[in-house]
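As written, the chains take the letters A, B, C and D, and residue 1 is the first residue of each chain.
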Amino acid sequence: MTEIEIGRGKSARQAYSFDDISVAPSRRTRDAEDVSMSWKIDAYTFSHPIVSAPMDSVASPESVIALAGLGGLSVLDLEGLWTRYEDPTQAYEHIFASTKADANKVLQRLYAEPIKPELVAARVRQLRDAGITVAGALSPQLTLKFHKTLVDAGVDIFVIRGTTLSAEHVSSRGEVLNLKELIYELDVPVIAGGVATYKAALHLMRAGAAGVLVGFGGGATHTSADVLGLKVPMATAVADVAAARREYLDESGGRYVHVIADGAMGRSGDIVKALACGADAVMVGSPLARAADAPGRGRHWGREAAHRDLPRGHIADFGVVGTLAEIMTGPSRTADGTMNLVGAVQTSIAKCGYNNLKDFQKVEIILN
Amino acid sequence: MTEIEIGRGKSARQAYSFDDISVAPSRRTRDAEDVSMSWKIDAYTFSHPIVSAPMDSVASPESVIALAGLGGLSVLDLEGLWTRYEDPTQAYEHIFASTKADANKVLQRLYAEPIKPELVAARVRQLRDAGITVAGALSPQLTLKFHKTLVDAGVDIFVIRGTTLSAEHVSSRGEVLNLKELIYELDVPVIAGGVATYKAALHLMRAGAAGVLVGFGGGATHTSADVLGLKVPMATAVADVAAARREYLDESGGRYVHVIADGAMGRSGDIVKALACGADAVMVGSPLARAADAPGRGRHWGREAAHRDLPRGHIADFGVVGTLAEIMTGPSRTADGTMNLVGAVQTSIAKCGYNNLKDFQKVEIILN
Amino acid sequence: MTEIEIGRGKSARQAYSFDDISVAPSRRTRDAEDVSMSWKIDAYTFSHPIVSAPMDSVASPESVIALAGLGGLSVLDLEGLWTRYEDPTQAYEHIFASTKADANKVLQRLYAEPIKPELVAARVRQLRDAGITVAGALSPQLTLKFHKTLVDAGVDIFVIRGTTLSAEHVSSRGEVLNLKELIYELDVPVIAGGVATYKAALHLMRAGAAGVLVGFGGGATHTSADVLGLKVPMATAVADVAAARREYLDESGGRYVHVIADGAMGRSGDIVKALACGADAVMVGSPLARAADAPGRGRHWGREAAHRDLPRGHIADFGVVGTLAEIMTGPSRTADGTMNLVGAVQTSIAKCGYNNLKDFQKVEIILN
Amino acid sequence: MTEIEIGRGKSARQAYSFDDISVAPSRRTRDAEDVSMSWKIDAYTFSHPIVSAPMDSVASPESVIALAGLGGLSVLDLEGLWTRYEDPTQAYEHIFASTKADANKVLQRLYAEPIKPELVAARVRQLRDAGITVAGALSPQLTLKFHKTLVDAGVDIFVIRGTTLSAEHVSSRGEVLNLKELIYELDVPVIAGGVATYKAALHLMRAGAAGVLVGFGGGATHTSADVLGLKVPMATAVADVAAARREYLDESGGRYVHVIADGAMGRSGDIVKALACGADAVMVGSPLARAADAPGRGRHWGREAAHRDLPRGHIADFGVVGTLAEIMTGPSRTADGTMNLVGAVQTSIAKCGYNNLKDFQKVEIILN
């Protein structure tokens, strides 16, 4: 940890983003076909480590099922439009028709509609019926309210995703989320985040999380730095949480908690960098928002952009580059890192001479 | 203090701006409602630490009274349009009608009108009559001339604000401002600045200031770097002055002088960073200039932009985003850090796990 | 090697690009006419060290012959349009007519046409008949398939150029390129690359390469950083490979392997910097793409931009600034480093007080 | 000197530009009127340290006389249009009519006209007759040819200004400039440059120069970095040459050679920074090019842009902001550092608490 004195008696830690780094090939190269891309968490195995984010712009029941069919873990947001509206078609239309100026107001209005418990259950069953690994996400705030509904409806993997999640939330109100107890009670693996520091991650691991989300999620559309002064340069955050994984592996006598980078990965090259920094998998939103068959049809936004009195994040218009299948597994027709994410990562690992995701965590990193 | 050799035998100090840093959440989080935002200087308590700047773009008697009503300290410039013109409406109109090309010329002409002592007294009385904590600002140059008028008219807090203020001004002319004597004579608390260094701040504290303004004020509209080669990266300046506060606290046997960051805080995230660096409060102009009920109606300028032969600063056109109340305390309808400043700071402190302004000065800072 | 900790337990190496550096004149100056620009590799001597890249945008049989006539080593791509099409005129026309949006698709289609072995031989003979030093390039993937054809047809210098080349390619398929054996069998000097690290370069040298290409080639048009997360800041890469040259010179008892910077040199100033970092010669594409008599007529692209399922690189439209002769040896009519490349390098070396390429490798470098 | 390893066995020196630094006020302030701006070199005293550059865009005999009248040293280029043409009016018109695309070609043609020795003498006499301190500039290349003409015609200060000047020019041609001999023979003070390093400056001082020009001159319009890979970050260069001044002062037993920053000072703030780094005076072109009564009428170019086969620099169109008098001594009507250069420097020195140019060399410098 490089501590730098920014003023008398005041130190800051130098941190690095994915833009600051790149990976360097070693003296060996391989065939891309020989690189294993498989990723396994708990009892679930996936053919690649790219997890789709629980965001309404990329995750409808249909797209979640389609993405699971492409081999990855795919998560539905159970606090988004799909549990607030029986049929969210019109809500999406309002979003498509919004302008840069009224985007947050439109989102505030649409997300003011209450969540329907029966829709939560119905969405989970819909995924279950499709035969995929069912993963649903709640915010820390609503986890206590809906977690039973999710489990009863048959969720396989439980995702608790907030802009900042801690294992120890302090409140003067009565009941608050005790993560450790909750995870103990649930009998499904929990992926939780976002965290950005070694200490916060270590506490989540000790609380029993199977996977930890690193980052505040949705780098492309959030504006936490402008509004809150919070920012997490991702290369440092991922490396720190990977260090927490090693520490916890030792102190737990062998429990391997997965580090999942979440946010700030707009292109395949960023995914490569996250894995190089020590991530076991990545959760992405914006790359998938560019799919013709994503519900957002090229638009991308996060739930925080709909916050009642302090919205963070815009509705970004990325445009459409191809189908979910083309974006995930190619073939690519562009050269900007927006298509064939899996193929790009596989090619990069091969060029660097490694043959699986875990070994690739040892690749040489360059600060540029 | 990181000293870097920039050439043989020539060292420079590495300094950091708010853009260079961010704050990092710790392992604990809190409810925003549990965070106390209150700030107290001398006998005066405020419900939040955001002080409005004595600039004609944001401070008319009406807006100063309105801002005080929103819970903060609010300062009127007693050398601006409101003490040069009985009714400055037309002067404001000329400013609204100015172009980028003639902005400085228009300001030079309008501010060439002499200050009327009777208007100085009248404006102070107007604030007094409204029942608010009355704070008025003078430049170091005119403090000697008008300070009695202010005190007689009933000012509660006296602000001496220049682009560069020192406790020791050297002049070949006769009488110059002796800050120490002046502060001793006045029986109201004095907030003085701007300063940017440990030493200059320490001397202001020794001169008796109750609060020290850090920065050259009005980063958004000044151009001191281009014209004078002067620039003060604010993160370092605030941290340094906070160190002077600690030093003086010790040498004075317990007098706590308030550090008030002044300038370079265009968004709520910047205010968060200033507090993280050690500021007790912040003085802001540009965020309030975006209010429909600010006198500048979206335009923002500083008094230096009207300087007779060496103007510094433009008339910036920020546009309007909401009312003073919405900008200060929300709710926000945008995601760029321009609305709900108090709420944003409170949320950020809560996410980082602290519960008051003083404790938040210990938050971890990241260099990004 | 400056190792910087980017996160707990994760270090990265700080690397520098040509943009980060410049060269500084010493206390002596010389006449440009007194500076020798000659470069010699194996038995071949050239009047300057600027090698033209084997890229279809700059290398047709005609332009390769013309460039050789201007004194430099000039390389034809034997896997490009000229060996896929008897007459590639129409293929070029399709490229000229392509748009930013469909560029990669157009290239994918044109380069899907199979390579004709008889054309490979014919193109080599065409260069041979012109009496120039014949240099032809293959990718690592096709070297095994066509190398005999090249040698039989009379190539003088064999170039193996891939985006990432290693002396040790590992594959589960059967036959793969064993560089050491191949170079031993061939009786022509081999220039091979691209590599970016000390170790990879050292292994290529041990495999018998006469010259090593540093870089991933074609910085102007590739997008490896976005797609693959790979990037090689060239100043560091060239300096590292020059260090490998010194190491191998010692361990081989005196075999001097030439270091040839390849890519990221869009202007004559960049060529100067590459030589300053230790390059013996440079391979350039984009500067020559600006020639009216280059086959690309101002357009520039690399073979990777035509990759079947993961294209990297665009068709850049640089426009035309002059003839190949004017660009290479002047006179220049512009001041942007795009004309009179040889003259500019010669002038720079003279201003820094050196009188040949080898000595210039000692010039002082500035980080700016 | 911070040496950084940019690659194995290859170090570079970290250097800083004026944009990287600023100056910081100290604990004392002064009245601007109390700051002495006077500068003295050899027997000549000036009321300020801003020397006008010998460039055709700013220096005609008329403007040189006008600038001298404003208190500064003012230099005419004796190899420019005014010694090639009896009446250069039409040449200027061609330049005004040039476009971005043909600028260098137009300059190449106009400056191909031979220099007339009789015009050299006539121009010097014209300045002499005006009663000003006569300063004329030659390039190192033509100094031997014309220096007698200059001295005979009555030049007071002799300026030798090239993009790179060394005390030791090595050539295979016969006669070359031996600076030491020349300066010894001439009985007028010589200002020579540009240099950028400690060693080169020290040698110029030992050769007898009264003043040393630091920089390659005319940063605004030159493109040495693009064309030649040469760049001199000015803060470091000025500080280094100031260190050479101290070294030479000691070794010569008290001869004080003036350090004159030349180039990269487009605004008054840059001049402040040059003085802070140790410059005794500054030579500026671009700020004066913005004068209505400068011969270039808002256009700015250097002689290198007219180079026969390797032009460097453009014709920049800065536009007009005021008269030479307003730009030099105000009053200013803008806030961008383009007017009242002398007043701005004086104000800055006062705000930092110093009272003359020499003391200001001790001001604290900030790296930002």
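Just so it is clear, contacts are C-beta pairs under 8 Å (C-beta built on N, C-alpha and C of every residue); 3 or more make two chains touch, one makes a residue touch a chain.
None of these values were measured; they are calculated from a predicted model.
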Chain labels contacting subunit C and also subunit D: none
Subunit A on subunit B, rotation in degrees - Cα superposition, rounded to nearest 5: 90
Remotest chain, subunit B as reference, centres from CA atoms: C
Shared interface numbering between subunit D and subunit B [over half = same, under half = different]: different
Chain centre separation in whole Å, for subunit D relative to subunit B (CA means): 40
Interchain centroid distance [CA atoms averaged], subunit B/subunit C, Å: 57
Residues within subunit B bordering two or more other chains: 15
Chain pairs that touch, as defined at the top of this document: A-B, A-C, B-D, C-D
Residues of subunit B touching subunit A in the complex: 1-2, 15-16, 20-31, 33-34, 198, 235-240, 242-243, 246, 267-273, 276-278, 330-337, 340, 343-344, 347-348, 351-353, 364-368
Footprint of subunit A on subunit C - complex, ascending: 4-17, 104-105, 108, 163-173, 195-197, 199-200, 202-203, 223-233, 305, 308-314
